[in-house]
C-alpha cells in the first residue's frame, strides 16, 4: 500500500532465493499454482503468495518473516497440481498430510530451503514497546533485525526475536522435498524435543494452572483462527466445535466451552501435531494455545517414542496399538 | 563379577558371645571374597523374639534405632548373619510402611523412623550378589569326602512374602554353596523344621525333642555334619548336643558348622580364623578326614 | 417423544433400599416423561401388560424400565414394547438393582442415585431412534472344539440332528480325560466301555469331519458365517494310509518318549498310538524323541511300515472351514501341584496325582492294572489320599472347589481295596462334596464297607522317612496332629482351565474368568451360551464338571445350535455404525481402526467417503471415537446419546 | 442431579457392556457393598469411549471419572481396549496441564467375573476422589466468576 | 452544547473511579499480549496509548447474550400438557466505555441503521445502545493499517460517541457530543477546557495529515457488483483466506448473529451469539445446502456487503470504519483495501468467449 | 465338658481387637487344620493352634488368653507359611500373647520370665548380655541348675563374657523401653 518496501533479506539468503525461484520457474508450467510468501501490508509482515504466472515468481520473498505454514492450504487444493515452498517445520506437516492420505504425493511438488528461523511478531512487538503499528523500515541479516518505527530505529538481535520453535529447531531442512535450494543445515531428529516450558508450567500448583487457563481463555473470541490456521485440522467445515450432532459445545461465550474446545483440538492432534505453532501465531488475541499441543506431544513422545511428521509411512500412535505397551503402567488397585 | 561389593554389617548380640565363630567366619569369608563390611555404628539389640512377643511397636522401635544408624552411614541397606535379627529388621521396615503403625513406633523414638532401609542376610548376598559360580571359582581346598546336610531353620526364609529369599519349603542356598565347595550334599528332609528356638533355657525339654529329631534325621540320611546359618539353631544342635543325647538316650556326635566356616575352609582360610575351635562338638576328626580324602584324590589324579 | 417410566420393586430386592415411589415421582418431572409408576414385578406378565397398556393409553413413544441389569431383562422388555407396536430400540433400562439396591443400604442415597440413573436413561431414550434389522444367510455347519466327552456328545447330537460337524481335537485321539479313567463313579462301571462306542460313532458318522492333532489357528466372521483356519500339526505319518497296525511302535528303538496319555507313568515309543482304542487309530511321531528327526539317524519305522506312510519331511498344514456356529469343549487340565513344597514339589516319586493313579488302576495302563510304587515297584500297603490339592486354596490362587475330587477319591479308595485287599487307605479331607444322585451313598460305602479311614484335616507336610513317606496332618475333629507312615500318597489334584484356553477365548472373542474358565452368557439362564452370538460352551471349559454334567452340557449346546439353525436367515443387530455423508471427509481413520474390516471407502459425487457394511459391523464404536468430526456414529450409542447421559449427571 | 451434600461427590463411570458392566452386575449379585457416588454410563466397548467424554464430564462438574473395560486381550471386539488404553492413558497424563489432578480420572480393566475387583476399584477410586475433594467447577460465562471463587477458596 | 472540559492526566484514574460508582465502566487493558476492553479495575493499569486489539463491540453487542430463559412445567393432572414459561432478559444498568477510538464507535452507527430501524427494532441492542456511553479518544497518529479516511471518517470522528477526548499535553480535552455525554462531564475533577480548543484542532489536523490521499471509493458499489459473477477474481482474492472469524469478530461494524437454544432438563436458554460470514456454517440451510459453498463466495459476500450492498440500502454509507483490524489481525495478512481497489480497477477481460 | 452358649459368650470386642491388631480376618479361617498339622509345638500345646483360631473366631476370649499354647509358640512361621487362606497365624499368636500379657494371663511362667529377662538385659545394656540374662532368669525362677552343665563346655571357648559389651547409645535404647512403659500405661 505504497509503504516503503524494505530492501531487506539480503546476505546469504538471496543466493538460495534465486535458486529457489529458478526451481519454481522450472516446475511451474506443470503446476496449477505454487505457494510461497511475499511482502505484505508493512515491511514487518509477509503474506502467503499464490504464484500462478511466471511474473508472480518475482515477488517471492523468503525471509524470517515467512512465518506462515503453507501446508495448511494443501488439503483444500486436493485434485490440483500444487507446488509448495516449505520450511523444515512446514515440511513435517506435509509428511503428516501424506501419511493420512489427505493429499496425493504425485500432485504435490515440494520446494525446500535451509531455514534459519522465523521471527515471533509478539517478541518484536514487546521489543518495540508494545506497538508495531507504524513500521517504516525493516531490514534483516542473519544476526540482527533493524527496524524503524515512529522515527525510532531499533537493532534487535535476531536470536532473541526468533520464534521459540526455531531456537530449538531440530528440522531446519525440509524432511521431504522435490527441489532443495541452498545448502542443507542438517536435521537433528534424534535429539529430544524441548519441553522445558511445559515442564515449568506443570510445576505450578493445580489451582494456579486451572486459573491460568480460565484467565487466558476468557478473552477468546471463538474465531477459530487457531483451528483454521492448523494444517492438520482437516475436518474444516465439519468441526465438532460448531456442530449440534455431535453437540460437544454450545455457542455461548463461556470459558468452559472455550477451554473444552482447546482440549478437543489438542486431543484430535495427539500424535499428529508437528508443533508448527500456527495456532498460537494466528490467535488475534494472543492466547498461548500451543502449550496444550506440546503437552500432548510430550506425552506421545514419552509413551510411544513417536514424533509426528517425520515418516510418511508411520501410523499415528492413537490409531494403532501394541498388545503389550512397554511404557504404560496401569494403576494397581 | 561385581568387584565392589560393600555393605553395612549388623552383627547382632550373639556375635559377641555364643555365636562368635559365626561372626568371625562371616567376616573372614567376606574379606577373602573382597566383600567390604562396615559395622553399623553403635548398634543395639533388635529385640529378637522376646520383643515382638511383648509388643510390635516396641519390637519395631528397637529395630528402627538400628535402621536409623544404617541411614546415618548414608546407606540404604545392611546385612546381618543372624536370621532372627534379619526377621526383626525386615518386619520393622515392612510394618512401618503403614502410617498408623509408624506413628506408634515414632512415639517411642527420639527421631522419626527411617522406613527405607532394606536388610538382607549374609547368605543371601553371597548367593545373589556374589554368586555361587564366583564362589566355585575361588575354592582352593575342596571339601572332598564331606557328606553334609543343610539345615536352614524356620525363619530364614519365612514368611516368604517378607523374606523374599529362596524357597520357603525347600531352600537350596546352602545346599548349592556346599555343592560348589566340593562337598556331597544329602537332601535334608527337615530343612525348615524348628529346632526349639529360644526355648533352650525355659523349656529345655522342647528343644531336646525337636533338635533331637533333627539330629536323628541327619544321622538317618548319612550326613557327617550339618551346616546352619542361624546362631540359635547352631547353639541348640551343637552346644546342647550332649544334653540331647542325654535326654533322648542317643549317641550323636555330629559337628554343626556355620556355613561360613566351611566356606572359609574351602577358600583356604585357617581353622583359627574361622573359629573351628569354638565348636562344642569337635570337628577335628572330620576335618582331618577331609584333608586325607583330598590327598587321596590328588594322588589318584 | 412421550416417555413412560416403570420403576420396579423387584419384590423387596429393590424396594427394601430404594423408595421406588419417590423415584417414579421424580421421573414425572423429567422432560418427555408423561407417565411414571412403580410396579411390583415389572418383568411379570401383569407387569409387562401394564407397560403395553400404558403405551396404548398414553400414546407413549418410548419406555424406561428401572429394574435389574439389562443383561437380565433387556430382551424381555424389548419384546414387550414391540408387542405394543413400538420399535424395540425405543426402550432403555436403568439398573437400580445390581448397581444400586444390592450394593448399599443407605435408602436416601440409593433413591437419589436411582433418580439419576432414570434421568440418564430418559435423556438417552429421548435421542433413541427406531432401528431395523437386516437379514442374512447362514451356513448350517458347526465347529466343535475339543473331542472330550462333552465335545463328543455335542458333535453327535448335532450330527444326528442333520448338521454337518467339524471337530477339532488338539491331541492325536479324541476321548479326553474320560478316556484315561479306569472306572467312573458312582456306578464303578468301566469308563472305556461307555465312552469307546461313542468315540467310534464320531469316527464313523457321515456328518462329522474330524481333525485330530489339530488346533484352531484363526477365527474370523460372525454368527452364521464364521471362517476357521485349522492347523493340522505334522504327525510325520500319512494318516490317509496309516492303518493303525502298530508295527512301527513295536520296532521303534526310541522307547523313552514321555507317555502323555499315561500321565508320565511309564514311557512310550517315539512313534506311537496313544492307546489301543484311540480314535483315530493312527500313529504319530513325537519329534522330541525320534532320533531320525533329532539326529537324522534311525528310520526304522519307515522301513517297517507296511503301507509306507512315514514322512519325516511332513509340515504343519492349514485348512479353512466355514461354519455358522461353534461349540467350545476344551475341557480342563490338572493344576500344577508342584507349587506345594510341603508335599515335596514332585521330588518324591511315590507322591502321585489321582489321574496317574487312575492310569495305574487301568487294566490297559502301563502297569497292567497293578498298583505299584513308582519308586521301587512294590505294592503299597498304606495309601494316603489328600484332597483339595489346588482346590479351595487361596494361597495358590485356586479358591474354588473342583467339585469332583471327593467322588473320584472315594472311587479310588474303593478300587484300591478291590485291587489290594490287605491295603489300608486314608483320606485327608476338609468337607465331602457328594452332591448328586447316589453320590453320598457312594462315599459312605467307601467308609462303611471298604473301611477307608477318613481324617478331617489337611496335610501340612510329607517327607521321606526311610522307605516310607511320613504324612503329617491334622485331625481337627480330634484336635490333634496326626502322622501316617505311608507307602504311597495320591493327591486329589484340582482342575484348572486347560492350557491355551485364554488364547482360544481371545480368538473366539469370548470372556473368561480370572482362572481362565469361559464365561457363560448368564449364570442361571444362559449356561451354555456366551456373550458372543453363535459361540456355545460345553463341559469343563466353563468350570470343573463331572461326566454327567459335561454330557448334559454337550447336549444342551447342541440343542442351542440346532435351535439357531432352525431358521434359514438370521437378523443382524441394527446397533451398527452409520456414516453422515455430509460430515465425512474421507480421511479413512475409521477404516484404519475398525477391527472387523466393516468399513470401506466409497465414492460420492467425486469425493471419498466411508461406508459401513452393516452385516459385518459388530457395533463396538471404535470408529465413532476415532472420527474427529463425529461423522460416523454408532447407532444407539451416538456421541449425543452419551453426552446427554453425561449432561444428565453433570451440569456444572 | 443433586449430589448428597457432604456424603457424595459426583463420579461418572464409563463401563464397557461386556466385561466391566457385567463385573459391576456380578458385584451386585454378590451384594458387595460399594459407595454410592458412582453413576454408570454403559457403552458397548471401552474403545467407544472418546477420552473427550472424560474431559466433558469433568468440565461439566464431575469430581471424578472412572473408565473400565475388558482386560487387554479379552475384548469382545478384539481390539477396542487396546485403542482405549492408549487414548485414555494419554488423556490421563494430559489432564494436569489443564489443571485437573490426574487422579480424578482413572481407567482400569474389570472382567465380568470380577465382582470383587469391581467393588475394590469403586471403593478405592471413590476414596481417592474424596481425598481430592470436589473438583474446581467452572461457573458462569466469564472466567472472573470462577476465579474469584477459587481465590476465596484459597 | 455545554462547554468543553479539561482533565489532567493525573486525574484520569480518579475520574474513571468516579464514573464507575454509578456505571459499569470498561477501559482497555493488557490481557496477555492483547489489549482488551475489560471492566475497569483501579488496581490495574489501563492501556490507551494505541488502539486496542479488540474494539469495545461486546459492550453493546455481546459475544453471546441470553435472550430468553425458558422453563417447561407439566400439568400434574396430565403430564402431556406442558406449559412453557419464557422470561425475556433485557440488559440493565448503564455502561461507560472509556478509551474507544473513533472508528470503534463509528461502527455502531452501522448497527444503528439496522437494529434501530423503526419497524424492526432490536430491543436488546436498543437497550444496550441507549444505556452505553462512549468516551472516545481521538487518534494522534494513524497506523499503517488505518484507512478511516477512505470511508468518510477521520482520526477525530465523533460519530456514535458521547464524548470525544483529545489528548494534549498533560491531559485530555473532553468534548460532549450527546446528552449522555454532557452528563458524564459533571465531575469536580474536570475544569473548563475552552482554552485548549485550538490545540485540540491542531492534534486533529496533525493526525489527519499523516494519512496519504484516499482513493475514490464512489465506484466501489457498482464495481463490486460487476465482478459478482467473476469467481476467478474472488478465488484469487480468497486463495489465502483460512475462513476463520478473526476479521469479522474484531470488526467494529460486523453485526451478524446466530441464535441457538441450550436446554438441560426442563430449563433452557436462548442465546444470541456472534456469527461470522467467513464460516462454512454461515447461511448453511437446514437441508444442508449452502448458497455460499466456498470461501471465495463468502469473502465476496463480506467485501460486497460492506462496500456495495449496505451502501445500496443505506444512503451510500460504506459499512466499514477503516480501523484496519481485519488486516492487522488476519493470520495470513489479507488486506481488504487491496481487494476493494482491485475490484475498482478490474477490467473485464475482452474477447473472452 | 463345658457347654458354651455361643451367642452369649461371643466377645465381639475381643474379635475386633484381634483383627485390628493383627490385620488378619478371622473369618477367613475355615478350620482345615493345616496349621496344627505343621506346628512343631503341637505336642506341648494345651490347645492346638487351629483350635486357638477357632476359639478366637468364636470370641471365646477367656479360654484363648488362658491357653498355655500362647507362650509356647516360637514364631517359627510354619502355620503362616502354609495357611491356604493366607492368614498370618503366627502374627495372631503374637497379638494374643500381647493381650494375655496386658490382661495378666501368664500361662507358662518360665517362658515369659525368660523373655522378660532378655528384654531387661537389652534395656540395661543396649544389647543382650548373655551371662547377665541367665543370672537374672535364674534369680527370678530359682532354677539354679539351668544349663549349669554347659559351663565347663563353653567357658574355655571364649564365648562367655562376664561383662556386657559397652555401647554408647544404651541410653537411647533405655528410653525406648521407658516410653513404651509410659505409652502402655496410658
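Going by the order they are written in, the chains are A, B, C, D, E and F; count residues from 1 in each one.
Note that a contact is a pair of C-beta atoms (placed from the backbone, for glycine too) under 8 Å apart; a residue touches a chain by one contact, two chains touch by 3 or more.
Remember, it's a predicted structure, so these values are computed and weren't measured experimentally.
**Student:** Can you name the chain that lies farthest from subunit A, using the mean of each chain's Cα atoms as its centre?
**Tutor:** F
**Student:** Suppose every chain is reduced to the average of its Cα atoms; which one is closest to the average of all protein Cα atoms?
**Tutor:** That would be D.
**Student:** Applying the document's contact definition, name the chain pair with more C-beta pairs in contact, B-F or B-C.
**Tutor:** Here the pair linked by more C-beta pairs in contact is B-F.
**Student:** List the centre-to-centre spacing of subunit C and subunit E in whole Å, with centres computed as mean CA coordinates.
**Tutor:** 71
**Student:** Quick check: how many Å separate the C-alpha centres of subunit B and subunit D?
**Tutor:** Comparing mean C-alpha positions, subunit D is 51 Å from subunit B.
**Student:** Indicate the whole-number Å distance between the mean C-alpha point of subunit A and the mean C-alpha point of subunit E.
**Tutor:** Each chain reduced to its C-alpha mean, subunit A and subunit E end up 30 Å apart.
**Student:** From the C-alpha centre of subunit D to that of subunit E, how far is it in Å?
**Tutor:** Those two chain centres are 45 Å apart.
**Student:** In subunit B, what residues contact two or more other chains?
**Tutor:** 168-169
**Student:** Where in subunit E do residues touch two or more of the other chains?
**Tutor:** 64, 265
**Student:** Mark out which residues of subunit A touch at least two other chains, giving numbers and ranges.
**Tutor:** Correct list: 215, 218, 236, 248, 252-254, 256.
**Student:** Within the complex, which stretch of subunit C touches subunit E?
**Tutor:** Subunit C reaches subunit E through residues 2, 28-31, 33-35, 58, 119, 582, 647-648, 651.
**Student:** Please name which positions on subunit A make contact with subunit E in the complex.
**Tutor:** The contact residues of subunit A facing subunit E are 1-3, 33, 40-42, 45-48, 50, 68, 72-73, 122, 125-126, 130-131, 133-135, 150, 215-216, 218-219, 221-225, 227-229, 236-237, 242, 244, 250-254, 278, 281-282, 284-288.
**Student:** Quick one: in the complex, what on subunit D touches subunit A?
**Tutor:** Subunit D residues touching subunit A: 51-52, 55-56, 59-60, 72-73, 79, 82-83, 85-87, 89-91, 93-94, 96-101, 106-109, 117, 120-121, 124-125, 136, 138, 140-144, 146-147, 150, 153-154.
**Student:** Across the complex, what residues on subunit E touch subunit C?
**Tutor:** Per the stated touch rule, the residues are 72, 74, 76, 79-80, 263-266, 288.
**Student:** What does subunit B use to touch subunit C in their complex?
**Tutor:** On the subunit B side, the touching residues are 167-170, 187, 189-190, 220.
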